[in-house]
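Two complexes follow with chain A in common, the first pairing it with chain B and the second with chain C.
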Partner chain A sequence: MISLRSKRNSEGSLAKKGERPSSHVRPGVLGLALSLPPLLLVGVFIGLPILIGLTFSLGFTAGPNRVISIIGQQIHKKSHWWGTLQAYSDVLHDSRFRGDLVLTIFVTVLSTTLVLLLALAIALYQRLIGGRKASVLVTLSIVPLFVPVVISAWAIHTFYGGDGFMRTFFSHFGINFPTLTSTPSAIVIGTVWTSLPFAILMISSGLQAIPDALIESAKDCGASSLRVIANILIPLAKTPIIIAGSFTSIGILGSFTIPLFLGPNQPTMLGVEISNFFGSYNRPQQSLVMAFIVFAIASGIAVMYVRSNVKSAKESGRL
Partner chain B sequence: MFKKSMKKPLALFAAASLAAIGLTMPASHAASQTIQVYISADTNIQDLWVKTLAPAFKLAYPGYDVNVTFDLHGDHDAQETAKITAAAVLHKDPGVDLIDGGFVTTLGAAGLLYRPTAGLMPNIKDVNKTVLAAGKGGIPYRASSVLLAYNSTNVPTPPATLDALLTWIKAHPGKFTYNAPSGGGSGYSFVQTVVDKYLSDADRKTLVAQAAPELETKWAQGLETLRQLNKYTYGQNGTYPANNAETLKDLATGLVDMGTVWSDQFSSALKAGTMPANIKVTQISNPSLTGGASYLGIPNSSTNKTGARLLANWVLSPAAQNLIVGGTLNGFPVIALNKLDPKGTAAFAGVDILNLRAGYLSANANDLKSKWASTVPGK
Partner chain C sequence: MLKKFKFGRIGINLFIGLLALFILGPIFWLAVHAFAVDWHYPDLYPSGVTLHWWSKVFLDSALSTAIRNSLIISPIVVILSMVICLPAAYAAGRMNYFGRKAFMIGVFSANSFPKIGLFAAIATLYYALNLMGTFLGVVIVQLLGTIIYMTWIPAAAFAAVPRNLEEAARDAGANKFTVFRTITLRMAMPGILVAIVMSFLASFDEAQGSYLVGAPAIYTMPTEMYSLVQNYPIQVAAVFSILLALPSVLLLGLARKHIMGGQLAEGFQLK
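Moving on, here comes the complex of A and B:
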């Protein structure tokens, strides 16, 4: 949009000179025509369902929501012109919801932190020390990207389960290794496992883009490796780190397969609880309310992401 | 991962609108003599229809063709229910004439099923009346029951009653499990059975027949009993297997000595060799674990009700019931055993298959699953 505007300005000044008077409107129309298909796609397949979902959660049960309100249980119909907040109140007063929300936020924060620390460690190792070992390490750490989540969830389940590898192995030495499946720890292990490759790709490419000259000149002035990391590498790779962090946390926030297979029955993460409410308990309105709460948290993370993008664009003079 | 997180809520939002889109697609009936059958189940039921029932029906009724659409594990039950409901509301063709799936009784309760009279479906007179009534317009055609599976090496004499089972669980910490009721019917059955222990016969009957939110407070005692089992079930920390398959796996690998399982899934696992031969099944009493029929439903809006009715009637005939009992499925029949081939029915000795204790109506069952989740695990 920004570049379009500047283009129009420059062409506008051309028009003032009287060289091509008809081009005065054309770029705007062209821009709109070019952006129309994706805008329509987003509007029809994302915007509209969200709007329909929002009206349903507020108790609008006619029109596109008519069918689902015939089938669902505990459906609240609107009591004011703007709807009703009864479904929201149901969810907020449900004893399960607080535990689910706390677990979801706990897992998201802990897993994202672990993913960022591990990814930074591997990427820094590759950037500062490098060599064959580092390349092998990075290549290996990207393997989970090519393993479907449901497969990795079962693999982790059989590894840490009651009859899994860890317990069998340690029992040979008389050690009773705890069964980690059905605990929040297993969810954290699973989400870190599946989210790490993307973060490594993002952060290592960010670190690779920093010129060697900066690192070398700092070292020539007597800076230690830690100082190079803290004052040069991390600040310069801030944008890719924030992008990796926000994508990872949004992914973990909405994860379903990992907490379903590896987590406890209750409390569970909101992705699983939404599915339970929609399917097993047949309460579509309440499940939508939870979906909007997840949506709100994810939007908060998205704001961080957009801010960081805008800031880096400003710093590099693109804005 | 992040793709999935966006897809999930979207899928929920889109469910209703998808149904509407589905309606605008052209109906796929090649001829009115083609019966569109929709199966929402596991692959053993797909085999039953595609390899056994459909070819046999075509031999018996050469004028008809059967087209089977299959949905594994009922992943699209919600969408299919929405589609059929929308078709009924808008008086359009749903593209389905006969359904076998868990949502048939839901459709029946919503009044969306065609109920043929006994004159039009003569074979229905052989079907157990209670099972028939529970279908709300669905036609029962095969059944299965939840049974108590036990490791006969470690447990030579399994408990015979629910009370004995509860005592056994407390005496053997960590050796019994049942799956989360929202994840599968075998765990659900144990939950309902414990809850039913404290209910009167009249209350149990009401919960099977109609939505009864006023009776749900009476579940408290049973749920409290289940909560107290948290420290005695497998894991001893109030966690439960996610689904039927995990309970079977825990039994097969020897993690637990006892658990509740579906009769047909257990027989199939035994035949496939994934379940060791020393694991056996039994039924408990007072009350017994629940079982139930699978129902066929003919949507009101179907354009080939006659064909669907003929097929449903034929499935209830002794010839077709023998096919369900035999083969790899080991399903329970829904008509009296003396009408069937005695070789096939020998396996049912000791299980009263015509008097299965019914599960609650789906609306009550959904509430029980929800109540269990908020009062039992991890408490």
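Moving on, here comes the complex of A and C:
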């Protein structure tokens, strides 16, 4: 009622005065104009380099790619009007790349699953039981958000290293704890560590939004705790869970510092290999090909994210 | 608290203990090294306590330059990011213009290109624009990582401000600017604050792009850390880590309530 009246009033005053600063500019135009600066920044410094990089990976070695083509090794020049797929074939036939790809996908899937399970367990505990212990759990899992990734990688490196805490501590009980640093396990530990806060924040806020009454009434009808979780809580928090999953997996897929500090030299994750190929091996074309392959996988995950958002917006009547 | 939900007390205590070991263990282990004279496996304690490594860091000109660079660059990045992104965030949150959704998704997909690949690709452009090894070059590379926070989170915060409150203020005679300043901006402030904190952390922590673009002319704290862990004893890296984590911990105190209150989560739901 109030809002209706005030709307009429404001329209009335608009008609009377006949001028408001923005009434000359259509909101569509203004909105577009306001969003231009970040768009320009993204376009020039992300879009353009990616586009130039794409042409380079396809063998266009002239123009902006001239210098890099002279410096780099094993450069393939285009053989058709549209370029060549030689660099892509190089990479796909490289056994080293295949090992990296397998490790990257393995770490991404395993770490994302672990992060989601851990975040879900903590968020569910917070939603259903609550109390001081729940806030201790949530606070603990937010801590990594505030530790720079270079530090966390190095801290985990020393903690699980040959003379690290785990080995030191267990050696006093006569247990020979394995050195995890420089193994795929350490990458998983590191990525779970750094990805946990975002997943917790997403999922816990999704679960908090579910009304108590819904849970209570299901319990009153005789539903077990497990049934409440499986049939009410998880389905209703599906969108935040998918958002958490997609952001986590995209982040892990392209991660660099964690596998660099914690992983084995060979095979390594693609983020590190992209950097190796660009720098140490001086094979920029192949390096970019790998970046595009990672991007292709990430885009698949991104599509899932966007579709889930659109679907949830439709269901709640926002679209 | 909801009734009828039970959970073993021992189970939950054990879980808290393990999570604390998992999360805090590595940080504490590294932090105590900053005060250790020396530490040999498998001793449980270091051979002595010292502040020697702290003076080493502060007296080393390369390390203190890196600290200064970081403390200058990150605030500039955050302010630039606010100037560039906040108007766009307001538009995305409040106006239904053509291309709004494309804008949000565009920012997101730019963010899902592997950063390391982007930095490899950006070199060509940087050489062409003479940005390699420059202050501005490092600022821009760090700016790129803040865009998603500075657009998405404030957009959700602006969208959540109730319109009828603004209209009521207008009816009461407040002019447009006053309404924006005292109602819209004030109510969106927690979201903007979270965006500022996240952007600052993104910039302050950014290592790979800054290294590729800045080194060897400009080192920031995280890029210095790469060489530090290879060339210095672990104690020096530990001191440096504590210094590097300080701003983040301070910001945690500032924004913890809002971040855990759902401002961050709200910002990542595409609407």
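Throughout what follows, the second predicted complex is superposed on the first by the 277 of 319 C-alpha atoms of A that agree within 3 Å, B and C clash if a C-alpha of one lies under 4 Å from a C-alpha of the other, contacts with A are read in each partner's own complex, and residues count from 1 in each chain.
The definition used in the following text is that a contact is a pair of C-beta atoms (placed from the backbone, for glycine too) under 8 Å apart; a residue touches a chain by one contact, two chains touch by 3 or more.
These numbers were taken from a predicted model, which means no experiment stands behind them.
By the touch criterion stated above, A:Ala298 is placed in contact with chain B and with chain C alike. In the superposition on chain A, contact of A:Arg96 is made with chain B only, not with chain C. Measured by the number of chain A residues touched, the leading partner among chain B and chain C is C. Applying the stated contact rule after C-alpha superposition, one finds that A:Arg132 touches neither chain B nor chain C. Judged by the touch definition given at the top, the superposed model places A:Leu34 against chain C, while chain B stays out of reach.
Contacts of A:Pro240 after superposition: chain C is touched, whereas chain B is not reached. In the superposition on chain A, contact of A:Val67 is made with both chain B and chain C. Judged by the touch definition given at the top, the superposed model places A:His80 against neither chain B nor chain C.
Legend: residue contacts after superposition of the two complexes on their common chain; A:Gly254 is shown touching both chain B and chain C. In the superposed model, A:Pro264 lies in contact with chain B only, and not with chain C. When the two complexes are superposed on chain A, the residues of chain A that touch both chain B and chain C are 45-46, 48-50, 52-53, 56, 64-65, 67-68, 149, 162-163, 247, 250, 253-254, 256-257, 261, 271, 274-275, 278, 284, 287-288, 291, 294-295, 298.
Interface residues of chain B facing chain A in the complex, by the touch rule stated above, are 1-2, 4-6, 8-10, 12-17, 19-20, 77-78, 81-82, 85-86, 89, 106, 110, 180-183, 234-235, 237-240, 242, 250, 253-255, 362-363, 366-367, 369-370, 373-374, 376-379. Chain contact summary for the complex, chain C toward chain A: residues 1-5, 7, 12-13, 15-16, 19-20, 22-27, 29-30, 33, 39-44, 83-85, 87-88, 90-92, 95-100, 103, 105-110, 112-118, 120-125, 127-128, 140-141, 143-144, 147, 150-151, 163-164, 167-168, 170-171, 176, 201, 204-205, 207-208, 222, 225-226, 229, 234, 237, 241, 244-245, 248-249, 251-252, 256, 259-260, 262, 264-266, 268-271. Interface residues of chain A, counted against chain C in their complex, comprise 2-3, 6-7, 9-10, 20-21, 27-32, 34-39, 41-42, 44-50, 52-53, 56, 64-65, 67-68, 122, 125, 128-131, 133, 136-152, 154-156, 158-160, 162-165, 167-169, 171-172, 189, 193, 196, 198, 201-202, 204-206, 208, 212, 215-216, 219, 225, 239-240, 243, 247, 250, 253-254, 256-257, 261, 270-271, 274-275, 278, 284, 287-288, 290-292, 294-295, 298-299, 301-302, 305-306, 309-310, 312-313, 318. Considering their complex, residues 45-46, 48-50, 52-53, 56, 64-68, 70-71, 73, 94-96, 149, 162-163, 179, 182-183, 191, 194-195, 247, 250-257, 260-261, 264-267, 271, 274-284, 287-288, 291, 294-295, 298 of chain A touch chain B.
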